[in-house]
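Pasting the structures in now, so scroll down.
After this come two complexes, each holding chain A, first together with chain B and then together with chain C.
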Partner chain A sequence: MKRKLPILLLFCILLTGCWDQHLMKNAILVQILSYDLEDNDDFLLGVSIPIIEDPSGGAQALVQSETFSAVGLTPRDSRKKIAREISGTLDTSKNKLILFGEQMAATDIYPSLDVIWRDPRNSLGATLGIVEGKAVDLLKIKPKHKTNVSEYIQDALTSAEENTIVPNETIQTLASELLDPGEDVVLPYLKSNSKKSAIVVGLALMDERKYSGNLSPQDSTLLLLLKDKIGKYARFTTKVNDEEEFDINNYISFSVQQLKRKLKVQVNDGVVSVYLNLNVKINIEEYPKGDVPEQINRLNEVLSKELTTDADRVINTLQQANCDAFGIGRRLMAFHPKTWEMQDKKDYFKNVKFTTKVKVDVISHGIVM
Partner chain B sequence: MIDNLWLEDGSLMKKNKNKVTNKQLVFMIIQAQIGVGILSLPHDVALVAKQDGWISTLLAGVISQVIILIIWGLCRRFPSLSLYQILPNLLGKVLGKFITLSYALYFMVTGSLVLARYSDIIDKWILPRTPNWITMVLVLITCIYIVGAGVTSIARFYVLVSPILFLLIVLISYSLKDANFLYIFPIGGTDLQTIFKGTKEAAFSMLGFELFLFIHPFVQASGKGKLKAITTANIFVTTYYTFMVFASLVYFETNTDIALTPEPLLYMIKAYSFQVLERTDLFFLSLWLIVVATSIANWLFLSAMGFASLFKKIPYTSFLPLVAGIYLVLALLPDQERDFESFNKFLGPSHYIFIIMIPFLLLIVSLVLSKKEEVNRG
Partner chain C sequence: MKLTSLIFNKSKNKDTKQNSSQQNSQPVQEVLRTLEGNTSFFKQAFSGSDDLKINDINVRNRSGILVYLETMADKEKIQKNILKPIMEAEPNLVEDVLKSTFQKSDNLFHAQRELLNGACILLFEGSKECYMLDVSISKDRPVQEPSNEQVIQGSHEGFVENLLTNLHLIRKALKTPNLRMENLKIGDQIQSQISLVYREDLANKELIKEFKKRIAGISIDYIPSFGYLQELIEDSTWSPFPQILYTERVDRVVGHLNEGRVAVFIEGSPSCLLIPITFFAFFHSPDDYNSRWIIGSFVRSLRFLSIVIAVNLPAVYIAVIGFHFEVLPDELILPVISSIRNIPFPPLIEALVMELTIELIREAGVRLPSRIGQTIGIVGGLVIGDAVVRAGLISNTMIVVVAITAVAAYSIPASAMSDAVRFLRFILMLLASTFGFVGIAFGTMMILSHLCRLESFGTPYFSPWAPFHFKDLKDTFIRLPIWKFNSRPFDARSTTNDRQSMARGWKFNEKKQK
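Entry: the complex of A and B
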């Protein structure tokens, strides 16, 4: 007993309390953050927090959400102001999404993210998105079938990820690409639809840390295929006929089953040329005109041509936005460091010559001909 | 057998009670080498050597192998004497005792720095509001307990906790799914001088093999067997470090991003959450504490042994609470990043002196005087 006494005493001192406890009952978990710039250049932070209503009558707890916003100097400054407005501690450790308003994104998204990387309690698993107009307005929508806005928007993004419209990225994987002078990121582009629903309308293209253009959903899918980043499904609808009277018969819908991409960077006399070859094997999901096996060669040809034109258009848009989504600059740094030295570090991507070729192979056509 | 012949010195306990097998030696050296430094190693190396940091790390392993050969050469001439007994034997009583004291103090300062860096990481990553002395006291108590149990127990404990090292490999390999392997090209893009500068940074994380100087008499193996064991440990650690540095280099952009993250490996782990585990870094750090504790225990052991060998007939265990107390005070001194830097500046040259110079000079002295332990093979 005599020898155990000091140990017991030590237990009393050391095990009685904890300085770093965060009780869930006091925490207000933030699920979405929004960053906006007001017209007078003030910073506006919006947070969406779930409110769990007691299941007094029904069996299931009803989760609703509420949106708070505050103007401040920086994200942390605004957060302090919001914290004064609500009861409990604002906790961003479970944050899943950070949305930027268009105006904010057009300046520089990097500085406002510093706090996310710096505070150890923040979640690096969150993803980023850009919203047409004001981001905080997207948090204020009242979707009919779901009462919790943050969950609703996240579900919309997850399904867009599955359908290869937006890439699967987190704030940590984006960090390196944002900081890399030889690569640019693409982010989900969302918009609110008459204050009722949120839709993913494709990809926002970033020029370094600035928002500089966007792509339609179908072009986004194509870009992700060209980047060799296919999600669960990748679906397209294209016009393949002209002569049909009934317009619906002119179209074909297909999904990509297999994908092979080749990207080659060549340097000749300081001119950078990129050869981008994409081989896709597709399954036809909808073709009202019917009789696929008969036309298979023609379809392969028409679709290859069609997608090559689309790819050219996508790359053209990228070059206009100066968004090096393929990381061509990084490849130059890695394999042609001397050429990279000579390049204009900012606008090099605009001078890259692309030769793109998409080859389509129909491999299946559902359970009818 | 060479049992108990050297026991007149009295500062060490009976040898037959403190046996370490050759396999245990491998783990002891590994645990002594891998400690708190690895979490920041990729950052330190990449700051200097950029995308070639992994080459620097490999070279650091080669350099430590050279030092290991010197250390082993010295130990082979005195197979049953630890460095604390070799010193007075070769240099005479006064000078020997003086250098022994310097070694004890050197280990004390190094150990305190490790303790301070450990508590700094805990403070930054897990427990920002808990006073630092609490975390330090807790780990010191554990270390006193481990070290007080004797060399055999230390060795067994080190073997027991080694699987934790593989956890880091698993977690880091998982995060490689988001790596961009283009970041390490062009290989050798920086010049040789830069790579060597990076080696200097990496070399400090390799320290720990000097433990061999002090525990080799306890190891039950031939001279060659010991060399094999210590080389195995060094190869493992070098490969381990090189993998970690390589993984961080392909995960983070090598110019700006990795310079912004002082603990790249923790960052890589933090970014992923699993079904039931949101912040993997917390889970990992709480296990990693044990690996750090083993290196602190290691330095505690060496400095306590040093003090004990200055006095006759006092077992080193009696010194543990006192030495640990000094560790705590020293570790509480630096509380800014700048303090760590000045701490390191002070320690930098002493590493060279104590790990390379002194063993090397001792080896030369023993060769020149052709002094060597008379082994009585009975």
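Entry: the complex of A and C
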């Protein structure tokens, strides 16, 4: 016994850690999760896993993807069912995307996300998205130029982020906003294009945890500018003339170079009014009609007016969807708690009076004189 | 470990007592009156060995004997330096000739020791004294660059096996009367000579006292090489880290002597031991000082990076693919998965197989003649490396990791440190395979705390990092320009701290004039 003791001790010390071992080669990585609600209110979970083809000749492995789905009571229940179908252990630690079907999103997205926040192995760097129609259908698209669906959608979202169409958010950053009664989130809104490709079609507006409306890509960009969250580029195309015969000459394209936003919340006799001032300095990228320096004052005026109307429309849509993307409720809680107590906690945003003003300044117009 | 060191300490104390009593009683045997008596003394001392030559000589009617070891003495030298002057000298001047060229002694044991060093002994009938002259055969290797410590620029001198040549090289490089050399002898049955070299005006006296105390406390039959001496005098033999720097480069030793350190030479060994030393000195190379300081700093910091890689990379890889692959970026995870998916072994076994293969290839390469060594390199490196991947036994990424680790480990200039690093890697790999990153964190913590605790002859081993000396960082991780080195490093504990005051005085004067 005395001789065995050191060996036993060594085993106790060295082998205890093996319990926590989590071998990479046994893991089946999940790259996209999709949550859908079937017509008969059954929960449908879809996962997309990468299929790695053996590299021939030492080159990079070709990665394709396969989609599995299962109906269950909860996300975990469905996952158990999928796990029985797959060789190896499902692992969501490198998950990149969580997609909700429109129907699922219209009810409540929070309950199905609970498992993501509760399990420490889950990836908090994943992005949320809402899909027109069924989310699981988006996983089944077969894009020709990129064989791996998750990589494809992820890249599409990244480029949308760069172009200020969707905000750069992960489920970690969204968690507090989602639970905050004084603030609502906006999520990327995607749709599948005849089962071949995925398109980012703008932003989905959330009313607390429910999907309640959407915005077009150009309006999404404007909303993000109003939220002071500009990406790498923010491009617009607007009509500035009417008289030209050839229609293309009526339009102007520009990108935002600098941005200054002021948001002021004022309370008068229980009425909340918000003053939203946006100063943008733009670079004209496309104006076939020609001479910018000559028309610079007119363009500034027309574009300011145009963008102000657009901004009003965007805010109108927000109010209809009851989506407080600006976090007005949070400001009320912080600076006007008494007013906040008097407000209707659910529909307060609809009663906010917005005064929006966008001022455009052309600062450059390319290298054409 | 504490227990064992306790036992060791006890036995050490006993030994010192025995040893000191032995050293006090040097054997004395006076020169005998008769030549026959002396002849038989030598024959008995060397047990009639065939290379002991005793020739009768007759100088001016005085008969005598000439004793030498054929294997140690040069016959031509005997002829030229002994026989010729004696025979040719005027009869009344023989005594003078003897006095001026020979060493005298009345102790036959002394004569016996000198015989072993290659001396020739001359004894006359009725004389009370014997005469000795060094006529040893010198078969020295020429002074050349040591192949294990090569540099691109700078001196290409290296030590040889002859102690006197080595001391000559040092004396030649440091022409100051303050350079002091002390000869000591160790070994109970067969004595070896060691030489202590230091700058009298710089070296710390306590350090020399401590060194001599340790040397005096050694009781061993014979010290064949520096490795024995190192283990007998270093502070903690249980550590994987070397606490004494040995080098074969003259310029390196000279540099350290100038910082107040002590060099120890052993007869018959081309390596010089330097004490006290710090961890960081093992990463310095004379090249750092001969190239521009920016480049020197860059190369030196690369070496420090290489130790981090060599110790940690395989362990981190094992921890990542065994425990937490979440840390890999999205773009990296699929290529890694595709390469390890079909490997039949757990990551630790996979890594151990490859690391041990590399170590085996190295070991085989070291012992073999250089031509076969190349073949081994090709077979080992290319054939095994490629075939093992194709056979699906080891993953591609593991080969990459092992290769980077091997290159990093061999870029450390001191081979003793490189060995230590390669050994520590296996411990960390074991920890990583059982505990993941937690194991690596704890392992690294243990290594660092061990380094902080180590001492080399009373100097903190991890200085100037722990204890922290900001001033000494100038020549630790980087090398600042030479004119910044106004003080000597703290860790050598030199008696005078100032080295120079204004290395670039001309620049200062120019500014002043303006």
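Everything that follows uses one rule, which is that the second predicted complex is superposed on the first by the 351 of 369 C-alpha atoms of A that agree within 3 Å, B and C clash if a C-alpha of one lies under 4 Å from a C-alpha of the other, contacts with A are read in each partner's own complex, and residues count from 1 in each chain.
The definition used in the following text is that contacts are C-beta pairs under 8 Å (C-beta built on N, C-alpha and C of every residue); 3 or more make two chains touch, one makes a residue touch a chain.
Small disclaimer: the values here were computed from a predicted structure and weren't measured.
Asker: With both complexes overlaid on chain A, does A:L5 touch chain B (first), chain C (second), both or neither?
Answerer: A:L5 sits against neither chain B nor chain C.
Asker: If we overlay the two complexes on their shared chain A, which of chain B and chain C does A:V63 touch? Say first, second, both or neither.
Answerer: Second partner only, chain C.
Asker: I'd like to know which partner A:K94 touches here: chain B for first, chain C for second, both or neither.
Answerer: both
Asker: Check the residue A:S123 against both partner chains and state whether it touches chain B (first), chain C (second), both, or neither.
Answerer: both
Asker: Please work out whether A:I248 is in contact with chain B alone, chain C alone, both, or neither, and reply first, second, both or neither.
Answerer: neither
Asker: With both complexes superposed on chain A, which partner does A:L73 reach: first (chain B), second (chain C), both or neither?
Answerer: Neither partner.
Asker: In the overlaid three-chain picture, which partner chain does A:V368 touch, first (chain B) or second (chain C), both, or neither?
Answerer: In the superposition, A:V368 touches no partner, neither chain B nor chain C.
Asker: In the superposed arrangement, which partner chain does A:L179 touch: chain B (first), chain C (second), both, or neither?
Answerer: first
Asker: Just to be sure I read the superposition right, which of the two partners does A:D20 touch: chain B = first, chain C = second, or both, or neither?
Answerer: both
Asker: Go through chain A and flag every residue that touches chain B in one model and chain C in the other.
Answerer: Dual-contact residues (chain A): 14, 18, 20, 93-94, 123.
Asker: Which residues of chain A touch chain B in the complex?
Answerer: 10, 14, 18-20, 93-94, 117, 120, 123-125, 170, 172-173, 175-177, 179-180, 327, 330-331, 333-335, 337
Asker: Inside the complex, what are the residues of chain A that reach chain C?
Answerer: 14-18, 20-25, 27, 29, 50, 52, 54-55, 60-61, 63, 93-94, 96, 121, 123, 154
Asker: In the complex of these two chains, what residues of chain C are touching chain A?
Answerer: Chain C residues touching chain A: 320-326, 328, 330, 333-343, 346-347, 430, 433-436, 438-439.
Asker: Could you please specify the touching residues of chain B with respect to chain A in the complex?
Answerer: Result: residues 124-131, 134, 137-138, 141, 178, 180, 182-183, 185-186, 189, 251-253, 255-257, 260, 267-268, 270-273, 278-279 of chain B touch chain A.
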